[in-house]
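Two complexes follow with chain A in common, the first pairing it with chain B and the second with chain C.
Moving on to the complex of A and B:
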């Protein structure tokens, strides 16, 4: 009786709240918390059915496995390149656009377009452009007598990082633009009166006051860089050799090609721990460096 | 002088962004011979619109399009239904365990998809949902970010509005439906656009969760088509154009919402 007809108002509101929340509670339990529990429990299993308990065996194997270590290092290098590129390129474009310009909206639109494309388009298109024989780049270069490129063979990791930047630079630019617009104009005016030139104003005012945006951009870029998959799957197939064997691509292959769900789960958990650790370190470092105004 | 340099930099950057996509369009209209010609063709001699028809003959591309529309459409609809409702509850209700549940919700933001990939696959295989729409859709029905966005948007709505409606005897759902929901329209537009575009472009899960060509979405179907017919670049390009056009149209008609939406994600 009391469950159906709560006596107090606050109990009635609580009942309404839980009623409205019910689908969400069920969803997040079934599709987030249950899978997280399962990935941990599967990581303790081995065998083709992942049904033999092995304790921490998969973790020990992963930490000692040179191919896992290699793919992790490749992934970190890739993420570092993407983070650095995102900040430099995104900020440069935002600074260029943060002023009254003719065609400002059109520029912003063109710069943002690749962000809307699927990784399938990004991957297939750039694989075609850079293909040593069939690619439009080499066919154009040789037609005008310039030396051909082999970037996907000579610098595969940097090349797929650059392709990733092609897609994401517009996104970071918009984030930086929003950050720039949050800096009160009075600071720049005061500095101008004090005789600071543009260069000084950038280093002493713009950059420190942009710190929260820079932090957010770098956290997002690290998180997405460490879990890149399509670039390796579509463009390089992890190669040449294992030069672009990004971690999630490696995990995907262990799980769905070698069918070792236990080993793949352990590697997923390890990568998750790394991502969470990176994020917490960045947030802590960022909070210490934050400027109040 | 400085101004000219800035224009130059922006023009070069814009061309780098846009030219590859224009080349994709050009490639989709070339003959196979043109795609292989020693000197690359930039503008095809006579546009081969038949390439698009050929693509549909060689692969179940019609199925890909329907699948993408169903999956991205259903997920977007679910977000528009649930995210504002849950956001409203966290913005305006007091109830036991509220903060605990909210933290548990936000914690899911820290969980990248690859962590869920294997257990979701096992779960779906168990349910017999591999290669089905429900298998493609259910893992993405809601997400913490959408809920958080709606909560932030609903919080400033005055409580008095809600109390007044309660005094007038409106039911709790009617308050949500009639008073809260209409005020969230701009946020809903952003949420709907972003959800649709992201799901339309989603790659990893449809790759894992489908086994026959007929169930693939466009990004996955196109990529596997390319692996099979890797020399037929004009057809792969035609498929890429089809994949790109809906998002491009959405972007052109609602550019402001996209820019505002991205800026919102940064305002945490």
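Moving on to the complex of A and C:
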């Protein structure tokens, strides 16, 4: 039996590292890569039992299907709203709570609570608040003489995006707070001595140095925006009509209502490709924009 | 032996570890809960857990020396779970379904034919002779029985007697009378009528206009088309033109109209027996009246309600059948009606004195005699799931978003052509 010892120290470190990684690799293989492989193979099948081979037929059908295209556009619009809102709202809250305010820890906790709450509870809560006839919001609006609203009917996509933002704002705030606290105070002091006002310091120091955080927030928001499901499932059921037919919700319906697992799998694979592509583009663009002082 | 791992040892270790999940994946699914000795798995709707059924389950357990695992779900979750079970081969022993799945799963080979049991025990239990004809038809496929109806429901017009009396309005019997009544009843914070966001509530209107979901002869959907347009436009007009109904809000909850009715914000709603309990509980002061289904080209209402099926891979179909026989017995139907007011499919149930004497059950029992199943033909195409999705989009775009009915129905028909070839 040959005794094989890594010849170099780095090789020995590498071997040890791989051994430590092995459980995680096995876990991911069993619960992520094998199911993904299964989805890819199912995407080549058709029929209610997904037992007839159809090759790339499901992919061709998905690319030509207006309802798939519609749900993708709805999802992109939702993701754009969530990404833009996450960055603006998260940063604004972080800037506000980065100051020495009384009770800022309590404020931070309050803002984080919705993120810790399940999307099902958040969805039901807002559905009740926004109910046009019996909801608290319209009762309050009419009590102060303002016109009642039908936001879930008139702007359903924007409404569920706003609810998503309400839920996730605390999390992005925490990320931006960590980023803000990583910016050395000396940069701001130097800029003050040079006569820069608060606005200039924000644009020239804070924002550029927050680029890695902004990149992380935007990548995570795009991924979660493109994968959003609970909002459509709990709050609007994809409606009215197909106004909030987000991609994952659409795929879920194809699989579990229309019973076409092959077609649903093909759409899942296409969505995965889109998410990976978006992420890579964002990472490339984001890294190019990073600055060092 | 060297304490150090050789490259070969490392490879062996890694290969062995890598094969663990692979082998476990290939090893097949764990045994079905229902297949475990001594247990019997039933999937049930969360809202149908009645004491009358609990009693039957206890008797079944004692008689068969098994423990019943009674798993309760909302319908969408039950369907998701069941389809996953079909894929894995791990199936329950008996499933309650919301109407329509029996034929769908018979068609796909996932439901078991119960014909041999019906041939053996049918006469003794009164099946199919004692079941309303529509319930036998909707649970059969290619001449074989695949399911047994558990509940048979339909929708009627619920009205607030106090509000109608105050406005000097008689319960409407036609669409025109309904509009007239709704106009008189709409004032301040009260709507004359409230429509549901759930598209299945369009079925009575479509049936009253003589519309079928699908005509297998012509392969047309929502036919005759002009009548379908008229029915959809009438509902949209109640909301947007006459403003006698609030705009429904899309969601998974179909209790919106009942909540408005209970809150005294709607004078009339069209719904089924499932809303009797919530109205009584939340608003005992409301004097509830029930009117017969409306008339347009004909008087009609939709037959709905749940059935029981046995998955094709169920391990002990004899036990499953015994469970079905026990839980559909007339005395159990009587007990469930007494407990919660649920409506039942047996002809002899409709003739029970307690049914005939109950002012809140008799109108339903009368209507069940001519209730129709509007979606049977589409189910037999195997495309009912996709059609249902498209019907939902059409209904909501017309009734909620006020899209012209002609345009929305035309769009549905175009899409349906793609999957009903």
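Convention: the second predicted complex is superposed on the first by the 263 of 293 C-alpha atoms of A that agree within 3 Å, B and C clash if a C-alpha of one lies under 4 Å from a C-alpha of the other, contacts with A are read in each partner's own complex, and residues count from 1 in each chain.
In the analysis below, a residue touches a chain if its C-beta (ideal position, glycine included) is under 8 Å from a C-beta of that chain, and two chains touch if they have at least 3 such contacts.
These figures come from a predicted structure and were not determined experimentally.
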{"item": "Contacts of A:256 with chain B and chain C, given as first, second, both or neither", "value": "both"}
{"item": "Chain touching more of chain A, residue-wise (chain B, chain C)", "value": "B"}
{"item": "Partner chain(s) touched by A:205 [first = chain B, second = chain C, both, neither]", "value": "neither"}
{"item": "First (chain B), second (chain C), both or neither touched by A:161", "value": "neither"}
{"item": "Partner chain in contact with A:246 - chain B first, chain C second, else both or neither", "value": "neither"}
{"item": "First (chain B), second (chain C), both or neither touched by A:139", "value": "first"}
{"item": "Touched partner set for A:221, first chain B, second chain C, both or neither", "value": "neither"}
{"item": "Partner chain in contact with A:152 - chain B first, chain C second, else both or neither", "value": "second"}
{"item": "Touching partner for A:26 - first (chain B), second (chain C), both, neither", "value": "second"}
{"item": "Touched partner set for A:49, first chain B, second chain C, both or neither", "value": "second"}
{"item": "Intersection of the chain A residues that touch chain B with those that touch chain C", "value": "34, 134, 233-234, 255-256, 261"}
{"item": "Of chain C, residues touching chain A in the complex", "value": "1-2, 4-8, 10, 14, 17-18, 20-22, 24-25, 76, 79-80, 83, 86-87, 104, 108-109, 197, 246-247, 249-253, 256, 259-260, 263, 265, 382-383, 385-386, 388-389, 392-394, 396-397, 400-401, 403, 415"}
{"item": "Touching residues on chain B, where the partner in the complex is chain A", "value": "6-7, 9-10, 13-14, 16-18, 20-21, 23-24, 27, 35-40, 82, 85-86, 88-89, 93-96, 98, 101, 104-105, 108, 110-123, 138-139, 141-142, 144, 147, 172, 176, 197, 200-204, 207-208, 218-220, 222-223, 226, 231, 233, 236-237, 240, 243-244, 247-248, 251-252, 255, 258-259, 262-263, 265-268"}
{"item": "Chain C-touching residues of chain A, taken from the complex the two chains share", "value": "1-5, 15, 22, 26, 29-30, 34, 48-49, 67, 127, 130-134, 150, 152-153, 156, 233-244, 253, 255-261"}
{"item": "Contact set on chain A toward chain B in their complex", "value": "10, 13-14, 16-18, 20-21, 23-25, 27-28, 31-36, 38-39, 42, 92-93, 96-97, 99, 101, 105, 107-114, 116-121, 123-126, 128-129, 134, 136, 139-140, 142-143, 166, 169-171, 174-175, 177-179, 213, 216-217, 223, 226-227, 229-230, 233-234, 248, 251-252, 255-256, 261, 264-265, 268-269, 271-272, 275-276, 279"}
